[in-house]
Amino acid sequence: MVDEVRRSRLIYGCMGLGGSWEDGSYDDGAVRRAQDAVEAALEAGIDRFDHADIYRRGSAETVFGEVLRRSPGLRDRVVVQGKVGIRLAEPGAVAHYDLSAGAIRARVLESLRRLGTDRLDVLLLHRPDPLLEPDEVAEAVAGLQRDGLVGEVGASNMSAAQLAELQRALPTPLVADQLEMSLARHGFVDSAILVNHPEGAGVDFPHGTLEHCRRHGIELQAWGSLAGGRYSGATQDDQPAAAVVSRMAEEHGVEPEAVVLGWLMRHPARIAPVIGTTNPGRIRACAAAERVAAAMTRVEWYELLGAARGRPVP
Amino acid sequence: MVDEVRRSRLIYGCMGLGGSWEDGSYDDGAVRRAQDAVEAALEAGIDRFDHADIYRRGSAETVFGEVLRRSPGLRDRVVVQGKVGIRLAEPGAVAHYDLSAGAIRARVLESLRRLGTDRLDVLLLHRPDPLLEPDEVAEAVAGLQRDGLVGEVGASNMSAAQLAELQRALPTPLVADQLEMSLARHGFVDSAILVNHPEGAGVDFPHGTLEHCRRHGIELQAWGSLAGGRYSGATQDDQPAAAVVSRMAEEHGVEPEAVVLGWLMRHPARIAPVIGTTNPGRIRACAAAERVAAAMTRVEWYELLGAARGRPVP
Amino acid sequence: MVDEVRRSRLIYGCMGLGGSWEDGSYDDGAVRRAQDAVEAALEAGIDRFDHADIYRRGSAETVFGEVLRRSPGLRDRVVVQGKVGIRLAEPGAVAHYDLSAGAIRARVLESLRRLGTDRLDVLLLHRPDPLLEPDEVAEAVAGLQRDGLVGEVGASNMSAAQLAELQRALPTPLVADQLEMSLARHGFVDSAILVNHPEGAGVDFPHGTLEHCRRHGIELQAWGSLAGGRYSGATQDDQPAAAVVSRMAEEHGVEPEAVVLGWLMRHPARIAPVIGTTNPGRIRACAAAERVAAAMTRVEWYELLGAARGRPVP
């Protein structure tokens, strides 16, 4: 990554690239599909790519690395973000988290090898490992930064309290917290509007985390931002809300994806959606999201919220 | 409002005054009933009156303004508190919140016109609008204060984290947070006693908010403080607790309302109940609440809590 | 207590000692059983003993006091920790909390008399009394410390927000927070791993409290640490998890109790388990817990967690 990288608001999530979740095997078709997805993302103005060591047992990174190799110069024009900390189940070991110093370094080195690059521009700690020692994490991160293998550091699925505890130990400011947020997973909004409301007890979003991140300049990244496609035809799960999305898409002259993302981006926390579809057409459709966000009225935003919640605000 | 206003602990909530929630229409009977309610409140020693722009589509303010006009000198003896931020549903727009700078100013100007006064002594932000920008709110509030249209500023239905985020931007200290608290809505107590208790997961009160408000001198105002009259004969919803309230009312030589409010006021957070009944007799009955609070034993307080909770403390 | 007391990580919880929960009556058998339990605890290297004024209506303290009298020199070799703040139901008074200044002092004096000692090395505030006034608590504690009747002060069943509010008033740093934590009551872990996860809404542990305690050097003590014996044969409540515990106990060459406690102690928050069994054999079995914690692999820890949760981490 060089300084002139623009850092798009949208982030392309590479979990869908690569091969099998069982053993990581993939064929050349997987590389071609990855190439198509990356090209569509670049056309949509996206220059940030989100990875994790576990995505398809490493094959998401391997395939992305192959795409980089086939496109000379591409690596310098994009931000590569990785994640470590989750260990999938395997014979003799249940699924677990591991943010011990040794594991952080080993997993980053493996990711770099698979990606065929010499540095992760951003490293996210994937899940809050209850056994993590902040000082140990800090030491591992500092070492990776000193060696030029990692640029910035951030977190994922963490609350304000967890971010603050980590930050006290870390050598550089946390730059991101990646949480599941979407029109379907609207806990980040419910948490604000259901304070002291009977429905509030069912909210799982960590209250105060938006405020903490805004205060400390920690970017809020949204995984699952397209809500599994439920508002754009992938499922029939939530027809009433999908109908509102469709109507607004038509009114704004865009595809439903742009409305779903635009709703997220209209929020003042400046959420950066991570989009995970591998369909080139859908990826390109996301390019209009920022424009929709700028044009979306307050009433439209609340109408979408109400449709997704199945009820108006209190 | 002049300096010699006493600022009673009790606040009269004007949501019940005025006309129709559909279109705001009202007749002269509504003005007479408002006059009776205000007189009863004044007799009960209450000199704070709580409004919101949306109460009966503005007619609560209009009718109260008429009462002020008919009672020369009254305006100078009372504190008028207003609220803005909620927009009721209307054709073409779902119910929503709006704490944009323009909306705050426009709504306050409309309220002042309806109230026939030149200033809101206290302005509360009615609900936490997820789309609010703290800096924008601060600018709007500062402008209203500079123009003498608003005195102090506070919030409603907000948590510690939300108050803190707002405060960082606001020019003056938040003076109040108005939350639903009563013998029936005892989440503010459950939140304290059910820490790490299985029942605690069902509590919706924003934990830490009492502590935050006490620390920063933010008055805790309780809306719904009379619990819809369920302990004083309005409904048959909770007979066992109503029976305990009745017995204690008799023992203290007061009406049930004074026990229900006295229970709230016995709490060390110095909660200021907002009472919403329009029945002059019930309003007068509230005058004894502060005396009951001073006389209420710890065991009485816990007995009322246990009756309302339907079980003793853990 | 003198300076050379070692302060074992394990704490013996004396709730099971003494006589009747109804009236506190006990016979000499109760004293002998207490003596056996205390001896087993000492053999297991435990030199901290946890009390509360209410345990068996005071008879836990009385019986422990008798054990002290029968073992000259013992008092100087152990840490005695007491708790006040809960009032059991009695004729004319529902169960309630009382952390008023007068009650704190009176209850401590009564405990000292029953224990036959002149000082509580540590005093914990048993439950967060919603009616407590921090300044009043601070005054009572300071007085007891000045008079040499109490050494350090801590809390129990309190959240970060409650600890912080108390600390602002207290003259000395809070040294402990005693919360229910065990392999069965794993909310302290769920609270970390279920951030923004649908299951997270059911978690009752006060999020951020582990972080707060670690930051401020407040020891986390775990009551109910043996989970009522459900993983060590006392009940058949959770067979799948009990089977995992048994297998690991065999692999580590210890009793199940040591695995259950070792799991708690493997957590980096340095949790101090309070063990409440009165069975001398089980007490001795706990001695191996610290060794198990040191030897327990990350995968073993997560396997136990998954077995107790009934599902793997997200």
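Annotations
For clarity, chains are labelled A, B and C in written order, and residue numbers in each chain start from 1.
Heads up, the rule we're going with is that contacts are C-beta pairs under 8 Å (C-beta built on N, C-alpha and C of every residue); 3 or more make two chains touch, one makes a residue touch a chain.
As the structure is a computational prediction, the values presented were derived from the model and not from experiment.
Interchain contacts join each chain to each other chain, per the touch definition above. Although chain A and chain B share one sequence, what matters here is the overlap of their interface residues, and that overlap falls short of half of the numbers used. In this assembly, the C-alpha centroid of chain A lies 41 Å from the C-alpha centroid of chain B. Residues of chain B in contact with at least two other chains: 160, 201. By the touch criterion given at the top, residues 160, 189, 192-201, 207-208, 211-212, 214-215, 266-268, 298-299, 301-303, 306, 312-314 of chain C touch chain A in their complex. For chain A in complex with chain C, the touching residues are 89, 92-98, 100, 127-128, 130-133, 157-162, 164-165, 168, 179-180, 187-188, 201-206.
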